[in-house]
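Naming follows writing order (A, B, C and D), and every chain is counted from residue 1.
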Amino acid sequence: MSEPSAPKARPVLSIGAEGFSATLRQWHAAAFSAALRHPFIAAMGDGVLRPEQHRFYLIQDRLYLEDYTRVLALAAARTPDMEDRARLARLLQLTVEEEVGLQRRTAAELGLTDDDLRGAEPALVTRAYTDLLVRTGFEGTLPDLLALLLPCAQVYVEAATKLAARGLPENPLCRAWVEAYTAPAMQEWAAWLAARLDRAASAAGPAERLRWTRLYGLACRYELLFFETIWTLQSWPAACAAAVAASHGASVSDAAS
Amino acid sequence: MSEPSAPKARPVLSIGAEGFSATLRQWHAAAFSAALRHPFIAAMGDGVLRPEQHRFYLIQDRLYLEDYTRVLALAAARTPDMEDRARLARLLQLTVEEEVGLQRRTAAELGLTDDDLRGAEPALVTRAYTDLLVRTGFEGTLPDLLALLLPCAQVYVEAATKLAARGLPENPLCRAWVEAYTAPAMQEWAAWLAARLDRAASAAGPAERLRWTRLYGLACRYELLFFETIWTLQSWPAACAAAVAASHGASVSDAAS
Amino acid sequence: MSEPSAPKARPVLSIGAEGFSATLRQWHAAAFSAALRHPFIAAMGDGVLRPEQHRFYLIQDRLYLEDYTRVLALAAARTPDMEDRARLARLLQLTVEEEVGLQRRTAAELGLTDDDLRGAEPALVTRAYTDLLVRTGFEGTLPDLLALLLPCAQVYVEAATKLAARGLPENPLCRAWVEAYTAPAMQEWAAWLAARLDRAASAAGPAERLRWTRLYGLACRYELLFFETIWTLQSWPAACAAAVAASHGASVSDAAS
Amino acid sequence: MSEPSAPKARPVLSIGAEGFSATLRQWHAAAFSAALRHPFIAAMGDGVLRPEQHRFYLIQDRLYLEDYTRVLALAAARTPDMEDRARLARLLQLTVEEEVGLQRRTAAELGLTDDDLRGAEPALVTRAYTDLLVRTGFEGTLPDLLALLLPCAQVYVEAATKLAARGLPENPLCRAWVEAYTAPAMQEWAAWLAARLDRAASAAGPAERLRWTRLYGLACRYELLFFETIWTLQSWPAACAAAVAASHGASVSDAAS
């Protein structure tokens, strides 16, 4: 096993002809493509996601959206530009109305109640991803947040577009997912994020661009790990699975006594 | 593989005779004990930690301490009590002077420069742990932070105390670690955290105590996963290791061109 | 001159039959009524606001709205409830589109450019009011913010409604103001704020209700002082007016050299 | 009465030979000198501050220090540099131990209890000043905060040094004040703030320097208005004094019933 180490060479962040966000996507092509090609996505497109996987996805995605909308609000608060602020508020509304609405309907079909969605415990990757989002919402700048939000928008829109091109799945829950993420509003949002980040990058120095590259890369990894977590139904790594189980057991027996 | 699910039963958080913090420790005994008994700790106490493990530990622990001291400052800012504020500022100073100083000396012995420590990339668990800390620093209350900081203090002091009782290791770097975490100031800090949280718990309602229980449990898991990460030298899960490697390769080759 | 002192008696915050927000309004009736009856409001309703007063109002109100929309975003970020979050985002959008749009049109009529609005210096009360809003946005809870935002909504809606009942002014700029703040969306917003705060108060303890009372009272005073500042065209108190003028003079002469 | 207006000319912020902080002091010389020469300072140095003024000062200064130490903690949290973090934590401790300790002893001599200090209501300028501090603590950068904290340190150290040069007052409470702010630790703090801001300014662009100039200028005005508020015992402007009195009256009579 080789020793993990800090990357010694400073990456040269020259922006390609297609703009900064396109360069970011190439830079992190390995993680981005692995997310796009993940069996979870394929199963969604083929309509063969197992119900327990679909339920686990809904639960974790609901937890994700709670902080995702929170971070849209934080981005709206942190930006000094009122047009950006209104744009982010519009997306926040859209997300609560459309995505959370879709979740609720799908969850009901799969036998999950609102309480199941609400009180659930986050998987490690859900925690790590959302805690990075919220932390950056309090500490970072608007472009920091754009870099962090872009991979999710791109992966979902690109994945759904590719799946739709192959023909919509018969499974109505999977079909609704594909339709939701090919909707024009989603595509516009992904395009706005990329264009707004490109604009910020054209006025930024190398230190900022390096920071945005790292944030983008982290979000790509988290997208990939999120799909992996759902696919394998493994909420926390094996190393602490026993401890997690024990703590659940304790709470149940204690509550029963 | 069984389907992961939200714990259905609400835990009954009756505080035992020894106080809230002692109850938390029992509640999360599985994760807490697994951290204490982890081979990383045993190897540190026996002075047989491999140099590449020790270097990886120093790099990740340095990243951790950057946000740990940040969170002590946030706790000092969020508490309305000026005595608490001064107490937390005192610990922040102590941490920078003692722990960071020890790190720097040990790192030099192991051939790491300040740049190695500074520019390093966080492992998944380092990111997840510190992002939770900082997020809670902005959103949470003082007791939220106490619950989150307590496991680290307890695990280190308890582990070091047990190791010291078996006799100090000959390896001077491991010995310095054991001595640092058996120092009176560390023991006082752990005791203060527990006592202050006990005081908060005695005036709190069930919703707050449940939240503190969850935060404490998360910190226990992260302590365990942190040791596992160091021990196995695995910075990120296998599922995205290839993507991580590809992104490093890209940056190196690009920078060289 | 009598010595200013801390109020010795703790107010008894018993909620009247009409709910907490109505009680707050009675509690702070002196400041609230003084704001409603301020000559600035009467002049707006009679269409006799002097152009330099109207310009100064637009400049200061624009500065206020920049932070007001910021605080709506912060409130959306701090609340754990996604319905509240979407409601606040909707208002944020409305404010940017309606109020800021009205400002811009009125400003153009009065000969102010976008740059005049953007680079302007806040008056003392504008700074004090918005700094309290933003600070509370980062530190406070949702009801803290509701208590702070309620007086502005109530004063504007109530004032405009009374003015409209007397007949709309002929002056088109003043008429647009009266129409804007009697619009149904504004009335709904004021009603929602009051109802949401009432709901929070019914589940809160005396310490929280006391805090909300103080925040509400501060906002009432700031509304009154804001009108007074506009009316008298006095940006900063006489005690530092000379210093303010000197600093402007310095900047102009220095910039000219 | 002339119309207040936004300064049209953009100040040219060329840094003089003595560094940025010295340039700031000259730039805002009118407000800075007016604060230094305020009768409140002279009365403190002559030992003739009236007891009701001294009590009012202690009450408002205590409220100020609560947020001042909070902001030192926020600055420590926001800076990425661990040396700065430790330096700010040291000052925070010093402030709680020295300044708050001095306040408490002086207050006791003047018949004020801890409760008088704790539950007091802030004057307008105390609110405005501390709300700007805390808001900037959450939103701003380290140099933003340095620019905001520098005038207070400079005014107190410079004023006390000049008073001490004339001979210490016989009044022991005034003498303790002069001695506290001529202490070496206070002088070092003021010097560190200036040097650290100079260092930041040498690497900053014009937009940042303009922002720091404005923050410094605001703090100068607030220092001046703070002394004026204490000297005149006028907590809030005349325009809302009646409303403030009415709200106090209401709370007392209500509490008595």
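Note that in this section contacts are C-beta pairs under 8 Å (C-beta built on N, C-alpha and C of every residue); 3 or more make two chains touch, one makes a residue touch a chain.
The structure displayed is predicted, hence computed values, not measured ones.
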item	value
Fewest touching-chain hops separating chain A from chain C	1
From chain A, the most remote chain by mean C-alpha position	D
Where chain B and chain C are represented by their mean Cα positions, the distance between them in whole Å	45
Intercentroid distance (Cα basis), chain D paired with chain B, Å	38
Chain A and chain B, separation of their C-alpha mean positions in angstrom	26
Interface hub residues of chain A, defined as touching at least two other chains	138-139
Complex contact set, residues of chain A against chain B	1-12, 27-31, 34, 52, 55-56, 59, 116, 119-121, 123-124, 127-128, 131-132, 134-135, 138-139, 217-218, 220-221, 224-225, 228, 232-237, 239-240, 242-248, 250-252, 254-257
Contact footprint of chain A on chain C as seen in their complex	65-66, 69-71, 73-74, 76-77, 80, 82-83, 85-86, 88-90, 92-93, 96-97, 100, 137
